[in-house]
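Pasting in a structure now, in structure tokens, and then I'll have a few things to ask.
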Amino acid sequence: MSIFRYAAPASFYPLAGRLIPWFAAIAAASILIGLYWGFFQTPDQLGGTNPQKEYYRIIFVHVPAAWMSMWLYLVLAAWSAVGLVFNTRLSFMMARAAAPTGAIFTFLALWTGAFWGRPSWGTYWDWDPRLTSELILFFLYIGYIALHSAIDDARRADRASALLAIVGLVMLPVIFWSINCPDPNQCAALHQRSDLSQMESNIFRAMMLMTFGFWMYSFAAVFMRVRGIILSREAESAWVRALVEAKA
Amino acid sequence: MLDVSDLECRRGDRTLFSQLAFAVEPGTLLHVRGRNGSGKTTLLRALCGLLMPETGEIRWNGEPIRRLAEDYHRDMLYFGHLNGIKHDLSGIENLRVAAILDDDRPDEADLWDALEQMGLKGFEDLPTKVLSQGQKKRVALARLLLSQAPLWILDEPFTALDTDAVDLLQMLIARHVADDGMVILTTHQEVPLTSGQIRRLHLGG
Amino acid sequence: MLDVSDLECRRGDRTLFSQLAFAVEPGTLLHVRGRNGSGKTTLLRALCGLLMPETGEIRWNGEPIRRLAEDYHRDMLYFGHLNGIKHDLSGIENLRVAAILDDDRPDEADLWDALEQMGLKGFEDLPTKVLSQGQKKRVALARLLLSQAPLWILDEPFTALDTDAVDLLQMLIARHVADDGMVILTTHQEVPLTSGQIRRLHLGG
Amino acid sequence: MWRVFLCILGRDITLAMRRRTDVLTTLFFFVIVVSLFPLGIGTEKQILRILGPGVVWVAALLASMLALERLFAADYEDGTLEQMLMTPQPLALLVLAKVTAHWLLTGLPLVAIAPLVGMQYHLDDVAVGTMVLALMVGTPILSLLGAIGAALTLGLRGGGILLSLLILPLYIPVLVYGAGAVTVSAVDFADTQPYFSLLGAFLLLALIFSPLAAAAALRISIE
Amino acid sequence: MWRVFLCILGRDITLAMRRRTDVLTTLFFFVIVVSLFPLGIGTEKQILRILGPGVVWVAALLASMLALERLFAADYEDGTLEQMLMTPQPLALLVLAKVTAHWLLTGLPLVAIAPLVGMQYHLDDVAVGTMVLALMVGTPILSLLGAIGAALTLGLRGGGILLSLLILPLYIPVLVYGAGAVTVSAVDFADTQPYFSLLGAFLLLALIFSPLAAAAALRISIE
Amino acid sequence: MSVMEFLSQGGYAYFVWASYGAALVLLVGEMVQLRRTHRTILTRLGRLLRMRPRGGDS
């Protein structure tokens, strides 16, 4: 019971309020240290067989953003599923709150990827499978948000977009795979990935620190958004009235 | 028997009613009343299983309607703001589809008969789009004549009907109640029903 | 004064009425009656100029309304099955747009006042979508309070209103008639209006 | 159960036959969209031949999606859908019947007209044959997936364009393999076999899962 | 008169701002449609560069048309359109105000995002510039012409796809000259001048006549 | 290493700072926007509360 208590919006609201500063502080600290490390403790080249010059430093935002974009979609779909199965209001709110942050990270991954691609491939955009997949992930986020806000009734909006998120999650591997492997005869030639273990260890650590920072940032942002959603949804309840009165 | 306990429904972010509890026994008519926006339609849709209440339980013969699902629907007939007829099909075709979906197996004569009773003789095989608002409603109400369902849930069934049709509908409701059926209805007009037991439920402040 | 002569309207391939002739003088209420499908809505829309009659002439102060066009619309207010309010705008915004389009220039206070009189105090600047069916209708009816038009054409204005609102509307209609206005309305309910002259027009067989 | 399936199928086909133009509309939309490209891009044979499969598939995607917008809309507006939810029948079965009717009325005509369109793009016979086959397997997938979107966007403003936003990304695998099969057939028809197996597998999965998902979506939307 | 024009313009923009995502929907529809082609056709740079202008224009046509479906629909459904017909204002003025609002909300964003899309197709800077200019002149024509179709199909089932059928053929001149300008700009930007003059002339004609035609169509549809 | 040298990022300043700039704008922007909406919600609720002081919902 003790932990499920926080599944009620009324008790989650203050809890989130207390946690946000911590997450924000940890995020700021790891991002700042990560950036310092990334810019001042790393070689000016990606190293090894990879000749990339200073512009590789985009990696410290690009990869964390790309990872967070995918992770947050998973989170979104997971909360949606929990909401549909257990009919808990807070789960839907969490899903809804995660979507914009996820979309922002997706956009960031695309944007930074484009600015990486220009110096390294000579073009801002190419129809590389990985880029295309990220673009489609962006469309899925936008679809989720668009559907949610096209529906006036909050409950229907929650449930409908939760179902969409789950359908999207099921289709995502299929979509990624179909783009990665347009010719089923040659699926062996899946897109080459750089091997994380061969990366220069300072670069790797800075990147992981930035990823951690982005992750903590996501907690802070999602909690802040969910607090807003809780307030407007529970506007009629006694505890919100009391809270607003206390503030006034 | 329909049994409702501790029901709470929200729409948007407003709680319309809570801790609502009542039961509808065979041979009763329940008249749900309340001002505009008090949640009558919402309650009726919750009773149909179209809308999931926030809390509370609705039981049909002791079983929660969520669990019964399709079996509950066999015992129930809902008539909402919309007529639920296809304007491109004739009255007869509309009735036939409705009957098949309800697992009733009426013969053709029953269908024609029902429409005639509703005062639609001569209009049976015209596409319903050429009928007036009230005539369309009569086509939809013809389902009441065919249905075997013991529980009728009617949301403002009298609107747009002329006085003849209102009388006919009142007669049908009275007969159904007299036959140990159950009727739940909302209407802003007064319903002068005589037979059976009439109960009133008042929503909103 | 509205003057109708030799009017015939068809819908689909059915003649609804023909050789209809009547006049509505200032200070009169014309109650158009008839069974479902007898053509009441059709007649009202023809009187508004929304629908061109098959034959016949509708004159406003002696001029055919086709010729008057926009000038006729300045003198007339129609209230149909649909409310004609935007659900994403608040009651105030809806009223304001309607007033500007009608070339009225009411000040803000009048608008708020009208909504308050309709019993919508506190709801004025909420988007109308959060209101119930009856409350939305009240917002739409608030136009009656602002309008300068002498001729009101109301198609079943009482549906979906609760008794308070029905009383209010009856009062408005009575006042308008008493002020030498003209009202043409349809309703299946009885309208116990007392002041002014009430005429009845019966459509259909 | 069969009786109910056939009843809905028959009903929807009767309704469509009473408004035959609706069926033709989708077909003409497809043809018009396909014909627009040569106007915008130029009419060089070489280029058209490369464009052909992709354009046809994209047009099929758009046509099927726009037609789907109306899949449940009419029933929703007049309240028959609400009534269907309250019949003692499994909703997924009714959905499947409606989707089947819909495909027969809009998907099948597209397949039938594809050879004509292929001609416009100077595709050779093998390519046209492959295209027809691929459309035959692919368009039902489009209808099935689209049904979920149609159910979710039921009664919302901006239905058509919102639906596209939700569903077009999900159509990508069908597009990739459908158009891929045609492109590959230029080399050797035998190479298309894996493409067709994949499309077939998609179809099977869609047949099983999407009526369930669409039924769930309908229950949510009708609330 | 100005007051009435601004009132309607303001009303429609306020309404759209209350549903900001609706505006984004059209934009993303455009982007998605544009992104589908490389997946169906292949991603060779040479080919993409040839496709680019045509695809962008066809996508703009479709996006603008689908968005237009809703131009009068919402007002029709809730009865405000009926009321507008009965105000003492010239209907063509109200139509023009609605179309203007609509273009500001859906056409202009397309123009703004076009450079990004041009990048996806590896168009060079001159081509992108020409495309933006051409869209700037061309999309209002699309909105104006589309308004007639939207008025005619008001309240009909299958609105979106039926509308396409009526309006897409009328869009062809805009497509031909709009895409043509971009293609020609590859050789010399000066060559595009006659294309722009023609588009400008179309725009002028459309500005004058289509509000009148749309107003007449509305009166017919509302009966 | 001078500040200028650092800023120039070996001649790739445009790409590097365009990326980091976007990240900064988006993430900080999101935070600012979230704080602002939270405050607007609170004030709006306060207004609603004052309008209909206590209990009842109509």
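We just call them A, B, C, D, E and F in the order they show up, numbering each chain from 1.
Throughout what follows, contacts are C-beta pairs under 8 Å (C-beta built on N, C-alpha and C of every residue); 3 or more make two chains touch, one makes a residue touch a chain.
Quantities reported herein were computed from a predicted structural model and do not represent experimental measurements.
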| item | value |
| --- | --- |
| Where chain B and chain D overlap in contact partners, by chain label | A |
| Required steps from chain D to chain E (each step between touching chains, minimum) | 1 |
| Dominant chain pairing [most C-beta pairs in contact] | D-E |
| Identity of the chain that, by mean CA position, is farthest from chain C | A |
| Centre-of-Cα separation between chain F and chain B, whole angstrom | 52 |
| Intercentroid distance (Cα basis), chain D paired with chain C, Å | 46 |
| Between chain E and chain F, centroid-to-centroid distance (C-alpha), Å | 33 |
| Two or more partner chains touched - positions in chain E | 19, 22, 25, 28, 32, 39, 74 |
| Per-residue multi-chain contacts in chain C, two or more chains | none |
| For chain A, residues contacting two or more additional chains | 139, 142, 146, 150, 152-153, 155, 179, 232, 235-236 |
| Chain D-touching residues of chain E, taken from the complex the two chains share | 19, 22, 25-26, 28-29, 32-33, 36-37, 39-42, 47, 50-51, 53-55, 57-58, 61-63, 66-67, 69-70, 74, 157-158, 160-162, 164-165, 168-169, 172, 175-176, 179, 183 |
| Chain A contact footprint on chain E (complex, rising order) | 19-22, 24-25, 28, 31-32, 35, 38-39, 43, 119-120, 122 |
| Interface residues, chain A side, partner chain F - complex | 24, 39, 44, 53-55, 57-58, 61-62, 65, 100-101, 104, 107-108, 111-112, 115-116, 118-119, 217, 220-221, 224-225, 227-228, 231-232, 235-236, 240-241, 244-245, 247-248 |
| Residues of chain A defined as touching chain D within the complex | 136, 139-140, 142-143, 146-147, 150-151, 153, 155-156, 159-160, 163-164, 167-168, 170-171, 174-175, 177-179, 182-185 |
| Interfacial residue positions of chain C with respect to chain E in the complex | 45, 48-52, 70-71, 73-74, 76, 78, 80-89, 93, 97-98, 100-103, 127 |
